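There are two complexes below, and they share subunit A, which is joined by subunit B in the first and by subunit C in the second.
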Partner chain A sequence: MKKFLEPLSKNNPIIVQTLGVCSALAVTAQLKPAVVMAAAVTVVCAFSNLIISLIRNTIPPRIRIVVQLVVVSFFVILVDQFLQAYLYETSKMLSVFVGLIITNCIIMGRLEAFALSHKPLPSFLDGLFNGLGYGLVLVAVGVVREVLGQGTLWGYPVLSDKFYTLGYMNNGLMVLPPMALILVGSLIWIKNARQS
Partner chain B sequence: MELFSLFVRSVFIDNMIFAYFLGMCSYLAVSKNVKTSFGLGVAVCFVLAVTVPVNYLIDKYFLQAGALSWLSSHFQNIDLSFLTLIIFIAVIAGIVQLLEMAIEHFSLALYQALGIFLPLIAVNCAILGGSLFMQEHHFPTLFHSFVYALGSGVGWLLAIVAFAALRERLRYSNIPKPLQGNGIAYIITGLMGLGFMALMGF
Partner chain C sequence: MKFSNRYIFLYISVLVIIVAGTLAIVSLVLRPRQEANRKGETAARILKAAGYGALSTEQAVALFDSVASPITDSQTERYAIVCSDGDTGQVVYVSGKGLWGPIWGYVVLASDNNTIKGVAFSHKSETPGLGAKITEESFADSFSGKKIYNADGEYVSVVLAAKGNSEANAENSVDAISGATITSKGVEKMLYEGLKDAGK
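Let's look at the complex of A and B:
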């Protein structure tokens, strides 16, 4: 069990392994898309790990990448259609990044490193916790960017008007994409400093 | 003129790395020195310029709502757009494989320069991202999509080469220990991104 919990902090996919950064940064300007994206990646990662692990003995090694891509894109299409049907606004906000889950390195990395050589249940849990570890970073960055950038959380205002009358201003810089990189850089800094 | 502004826009303003963070994984992993990052950048340019126009044609004549009407009027109501993701990724994986074989056959020197990067590129988000953005932009002609793809590739090349050059210099600077490695790499990319934002003209 301890091994499965590693992706949450000690072996976090984004902060330690620098995988799956592509989508992690682009969707974190607000909390809501970040949470939806995290859930989507977790679902895709867990279930594609499960399926690949179930069929791992029948995949010829030469074409395994193509098989993996097909399985992953099957689940991404399901998630994409689900989001368009039930969470249309958020799905518009995420735009191409839902489709880009297919090429998310975390998923391919877990399939290659874990699912191809382990039994279905451990593979499912491994995918689940790697997805959650990814989600943790997304949520952390999303909270900071939304509160500092727009003064809201999940769309609701959290800073009282008194702050604004005292001269407090939202930091518009936080909403811009480069700040996501700087925040993740700082997260890595904090984590390394605490560990050493 | 319209094409030129599309090109400049896709190189500098909608830069794949600084505006959308596409292809960050290989960007961070390969940018240890200028020479290899130039090789990867050229390969990305090349693959983008081939796959995006091909996917444009597929999108226009097979996937869009009513796109099959050129076959027969019976197919007018068919909408295959839910297949977009799986078809695009299959096309990209196929073309990358073909390119690898073709390059190996025709030019061994080029194969040795680009060869190691090609298999990596099939799962690079910048490539699939290029095709998906192409679909969102609704370009009027095939040539527009080609110019867009080339511009995006050049933008990616520019970003990774500039970053690799900075990283080579970084080796001699005095960075706090916990920040060394990936931490400073993210922060530098962020600062470069802020610089690129200036081109947007706020």
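Let's look at the complex of A and C:
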């Protein structure tokens, strides 16, 4: 069990393996899209790990990447369709980044490194916790960027008007992708400093 | 384990057929809901521009059908609409180009075919926080009450001027979005082209 929990901190996909950074920069300007994106990646990662693990002995090694892509694409399209039907507003904010989950290195990485050589249940858990590890960073970055960039959290104002009358201003840079990169970089820095 | 070519072809074919079949079914099942979402969103935004305030998608679709009717003899998408103040105006669909992709929107004109009651812009892929601000309320609100003809009766549409310069010609201009020059120019051009025939 301890091994499965590693992606949450010790072996976090974003801040230790630096995978999946692109989407982490793109969707974290606000908390809500970040949470939905994290959930989407977790679902896709867990279930494609499960399916690939179930059929792992029947997959011809020469076309295993093709098979993996077909399975991952299946889940991504499924998630995208559901978001468009039930979370329309958020799916518009995420725009192309839901489709781009297909190319998220975390998912392909877990399929290659874990699901192809392990039983279904451990594979499912491995996918689940890697997705959650990714989500954890997204949520952390999303909270900081939304509060400092727009003064809101989940769309609700959290900073009282008093701050603004005292001359406080929202940090416009927080809304832009470069600031996400700096924040993720800072997380990596803190992580490395603590581990060495 | 060694796999024959025949096995590989069969394997991938069967897999793809299963996946494609399942996705087709899911898409068919979810499509009505997705289309209702899109339709409801457009209706809600047009109604907001016409002064009806914020509505849920279901309310919006019902209300839109009762207050708006398509103008059929027009080349572009247009509706006659009874605004919240009782005035019968028209909704004009406009479309153009932003920085990264298409932008489009609906402009609600009052019955004098000159005053803008409200606008609702959308975009495909403008930069979040910059060009994407054209969809925000504060930007849309700045268009209310603007005129597309100047004091001499000439068609000028609405100009997006740099901040501070818009007061000089307050009737026909709004503040552009700083940091999003190309999107702002795109909006300006879209309005100019799109409203040209609407005012007559």
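In this text, the second predicted complex is superposed on the first by the 196 of 196 C-alpha atoms of A that agree within 3 Å, B and C clash if a C-alpha of one lies under 4 Å from a C-alpha of the other, contacts with A are read in each partner's own complex, and residues count from 1 in each chain.
Rule of thumb we're sticking to: contacts are C-beta pairs under 8 Å (C-beta built on N, C-alpha and C of every residue); 3 or more make two chains touch, one makes a residue touch a chain.
Predicted model, so just to flag it, every value in this text is computed and none were measured.
Participant: Quick one: classify A:130 as touching subunit B (first), subunit C (second), both or neither.
Facilitator: neither
Participant: Looking at the overlay, does A:90 come into contact with subunit B only (first), subunit C only (second), both, or neither?
Facilitator: So A:90 meets neither subunit B nor subunit C here.
Participant: Looking at A:48, would you say it contacts subunit B, subunit C, both, or neither? Reply first, second, both or neither.
Facilitator: neither
Participant: When the two structures are overlaid on chain A, which partner does A:104 contact: first (subunit B), second (subunit C), both, or neither?
Facilitator: Touch status of A:104: first partner only.
Participant: Would you sort A:28 into first (subunit B), second (subunit C), both or neither based on which partner it touches?
Facilitator: Touch status of A:28: no partner.
Participant: Which partner does A:69 contact after superposing on A: first (subunit B), second (subunit C), both, neither?
Facilitator: A:69 sits against subunit B, while subunit C stays out of touch.
Participant: After lining up the shared chain so the two structures overlap, which partner does A:192 touch, if you call subunit B first and subunit C second: first, second, both or neither?
Facilitator: first
Participant: In the overlaid three-chain picture, which partner chain does A:175 touch, first (subunit B) or second (subunit C), both, or neither?
Facilitator: The answer is second: A:175 touches subunit C but not subunit B.
Participant: Shared contact residues on subunit A for subunit B and subunit C?
Facilitator: Touching subunit B and subunit C on subunit A: residues 66, 70, 73-74, 77, 81, 95-96, 176.
Participant: Which part of subunit B faces subunit A closely enough to touch in the complex?
Facilitator: Interface residues on subunit B, with respect to subunit A: 18-25, 28-29, 82-86, 88-90, 93, 122-125, 127-129, 132-133, 136, 176-179, 182-187, 189-194, 197.
Participant: Applying the document's contact rule, which stretches of subunit A touch subunit C when the two form their complex?
Facilitator: The touching residues are 29, 57-63, 66-67, 70-71, 73-74, 77-78, 81-82, 84-86, 88, 95-96, 172, 175-176.
Participant: In their shared complex, at which residues does subunit A touch subunit B?
Facilitator: Residue positions touching the partner: 18-26, 65-66, 69-70, 73-74, 76-77, 80-81, 95-96, 99-100, 102-105, 108, 176-182, 184-186, 188-189, 192-193, 195-196.
Participant: Flag every residue of subunit C that touches subunit A in the complex, lowest number first.
Facilitator: 1, 3, 7-8, 11-12, 15-16, 19, 22-23, 26-27, 30, 33-34, 37-38, 41, 125, 128-129
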